[in-house]
Amino acid sequence: MDIIVCIKRVAQTAEADVKIDSSGKDIVKDRLTFDMNESDTYALEEAILLKEKFGGTLTAVSLGTVQAEDTLRIALAKGADSAIRIKAEDFEGLDGYKTAQLLKAAIKDLKFDVVFTGCIATDDYYSQVGVTLAELLGVPHATLVTKIDIQDTKAQVHRELEGGLIEHLDMTLPALFTIQTGINEPRYASLIAIRRAAKKEIKVIGASEIEPTGIQANASLEELFTPPAGKRAEILSGSMDEISAKVAGIIKEKGLI
Amino acid sequence: MNFDLTNDQKMLQDQVKKFADSVLAPVAPDIDKSGEFPWDNIKKMAELGLLGIIIPEEYGGAGFDYISLAIAIEEISRACASTGVIVAVNNSLAGYPIMQFGNEEQKKKYLPLLCKGEKLGAFGLTEPNAGSDVAAMETTARLDGDHYILNGTKRFITNAGEAGIYMVFAYTNKELKHKGMSTFIVERDTPGFSLGKHEDLMGIRATANCELIFEDVKIPRENLLGKEGEGFKMCMNTLDVSRIDIGAQAVGIAQSALDESIKYSKERKTFGQPICNFQMVQSMLAEMATEIQAARMLVYYAGHCKNKGMTRFSKEAAMAKYYASSISVDVARKAVQIHGGYGYTKDYPIERIYRDAKILELYEGTNEIQKIIIARELTR
Amino acid sequence: MNEIFALVEHRQGIIRDITYELLSCGRKLAEKGNTKLTAVILGHNTDNFVQILKGQAHRLLVVDNEVYEDFNSEVYQTALTEIIKRQNPVLTLISHSAFGVDLCPALAAQLGMPFTTDCLDVELAEQKLKVTRQIYDGKLNAKVLLRENAGYMITLRSGCFPAGESSLDGVVEKIDTPVSAQPDYRKFIEYIEAAVGEVDITKSDVLVSVGRGVKEKAYLSIIEDFAETIGGVVGCSRPVVDAGWLPKDRQIGSSGKTVKPKLYIALGISGAFQHIIGMKGADTIIAVNKDPNAPIFSEADYGIVDDLFKVVPVLKTKILEMKQAKG
């Protein structure tokens, strides 16, 4: 089984201050930490599990700056056989569509039975790269996948719908799946695997290797801004004792206890 | 000169950090309370290769260098100081001497066990009446046919309660003093070998620290490490390596103290503002961060000396251990200070970190001994 | 300006709420652009849908066939490609749901149409389309301009376009189905209902909900203990379930349960919209989070900016005192 997994390196912002930079079109990144996008860690693990079960090859692909190579190398250490970085610095005005076009250009000549992506990138939040890529590659897809059972070229797939309802599909490979978090338990790379991965070459492709040139993005950024305050919680202040007394008061007042 | 980590060191740091944060850190407060040895986590670390970081692959290890060893031990200790020293002892006080001084049979027999965590290693040097003064040791080993007969007591031995393979130092010829000391590989289930008192420690409480009691223990001759009389030399060489670990452990513990302090100083408000706005608090944070970075550099440098194959780097190792452990205790003390009264309660991790830090100045040669080593090298 | 399309989303014979939000957004845009809104219904036994939606759009385009009974993006994509090519709407609105994210990017890409996803706000003027999206864990908004084109497609986030009253009298237009069978490479088989757990969080008046901020499973006992004190049960955000700390039936949010308790206490939850959707109906929301900029504070009634492990014990004591004073 030949597998491709698309991996994005993203800023970790859940617990960080996010500030707009002076250009007004990007965020201040120097104090942020970057790591593999959350659902991509699950996509990678799913790919490794498949490879362990069926053999074959596993290629990790990322569109990103040179730092994305650190993330790809972790993928190599965890179980990918080879890795490709598409030089993000060669391209401007990337959006989900252009990203998918570039990913396609990078993998179209590879053999594959399955392509995995994450279901959403936690920085840009589009949830569109996987499905767009499937369309460009001309293969069927399923999003928000929480279970895959493969036999020969058949896949039994569970998708997660709203309210925790599961949709069960029968699919035929080759296909693309966007993976939802929680589908498996991502591993840590072993030290030996890390040492082997450090020596592996990462293939880097830039604008000159990408056909067709001049892919147009669908969207361009006009401005970034802090979400309007809207409704704002009344922030309770004072000592912990005072705050707690206030909360207890609120609970009592509403007759909840 | 290059201060950047290599690719494999960066990856190692990334994965060990994540593992330590999500697997080791959560149990650190619990095992501090209960003193329970963290076997589950030790098994997980064995799978990742953390029990044989510097051991070559052919013996089941990961084949990393000594700076990598320091990086890993720092990250582990940042999350859990007990686990940090358990792993350090297995790697450097048990794995290293067998790798360095053992014969092929010994390496094949024992190193894979240590690396896989099937048997953990311990290092038995200290005795009730011989700590800093190693030569005051009373344990003896007498050759009797195919066996040595071992008698004596070892004290304060990390991992002792849970280990399977013990590096034990004893006199084979007391008259020769240092030159009459030898090293033995002793297995846990050897008749006559028992565990004594389990120490109720102030910090690193989950390290199964026990006494080893040897009463006419028959050790097969093939378990002599190297040659008779080489024990002291091996011991000193091994301690040079393990001081890289202890330095790294100190850096990790100090880093956790600093991390907690930064977090707390931004959250805690007095006089209407977060305490991190006060210059006296800032001064402490700045000192802590600078000292930690300096210590880390000394530790990496000691690792670098070993990587280069320097046969004698006692001074560099002692400097790293001495400086890193002193600042670690000091950083932890300041961290408690920054936490105010809360830092003195068990509601915050800093109380544990402070207790954990103190051991650093004591074991693997007290800091006074480190200074003696450094000065001796300077005036040699 | 050409018409605006809104794609009706239904499941198990029921029109999903987001549909009314799409229609409401579509009506507003149509009014501004001086054009009409068409509700596109792909379904089976659609009479009921038509009845319900007749007042909501100027026109109802109905394709009725068994094959649309359950959602299959491949089937929908083939059908909609045909329909959109023929009818050339200026904008097609689809929900940003498990249905929409599976469909929109592929459909739009096939049509060569600029598209974007997860929009909170839409401006359509002089054939230019601008949308507002949320990025970086909801901490920033981005205004995005789409490449100018005759037709666009976007998915809308639920909860951003309140469903409104409308009394249009939509013209119903039935067209033949372009597709009659599911393709072999993707077949819908069945729905599997989520397993029922021991606790039904939707039935409790008081919910104490924990997020990734609880840091580890061991600490859940503190939270459970607190919940018991105040007579509630424990719910959670998705990462807590992903990590295996609580069963799936405790998850609140778009892919979990929707709850409407009298009191909702959110502990260490950032407030991602997928979570908010599941709990914003609560009467009173109290949020505890270390990060003063956490989006949860835009949803909560009361906020405490502090470490949850500091807050919970003190709060528990206070509530116990209060209960004792009463009893």
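For clarity, chains are labelled A, B and C in written order, and residue numbers in each chain start from 1.
Heads up, the rule we're going with is that contacts are C-beta pairs under 8 Å (C-beta built on N, C-alpha and C of every residue); 3 or more make two chains touch, one makes a residue touch a chain.
As the structure is a computational prediction, the values presented were derived from the model and not from experiment.
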Chain contact graph, described as a line, ring, star, complete graph or other shape: complete
Busiest interface, counted in C-beta pairs: A-C
CA centroid of chain A to CA centroid of chain C, Å: 20
Whole-Å separation of chain centres (CA-atom averages), chain B against chain C: 53
CA centroid of chain A to CA centroid of chain B, Å: 39
Of all residues in chain C, the ones touching two or more other chains: 290, 306
Residues on chain B engaged by chain A in the complex (per definition of touch): 6-8, 10-12, 14-15, 18-19, 47-50, 53, 57, 62-64
Complex interface listing, chain C residues touching chain B: 215-218, 290, 306-307
Residues on chain A engaged by chain C in the complex (per definition of touch): 11, 13-15, 17-18, 20, 27, 95-97, 100, 119, 122-132, 134-136, 140-144, 158-172, 175, 180-182, 185, 216-227, 229-236, 240-241, 243-248, 250-252, 254, 256-257
Chain A-facing residues of chain C, complex: 11, 16, 71-74, 96-99, 101-106, 109-110, 114-118, 130, 133-147, 183-194, 205-206, 212, 230-231, 238-239, 241-242, 244, 248-249, 251, 254-258, 262-263, 270, 283-287, 290-293, 295, 297-306, 310-311, 314-315, 317-319, 321-323
Residue ranges of chain A touching chain B (in the complex, touch as defined): 70, 73-74, 77, 188-192, 194-195, 197-198
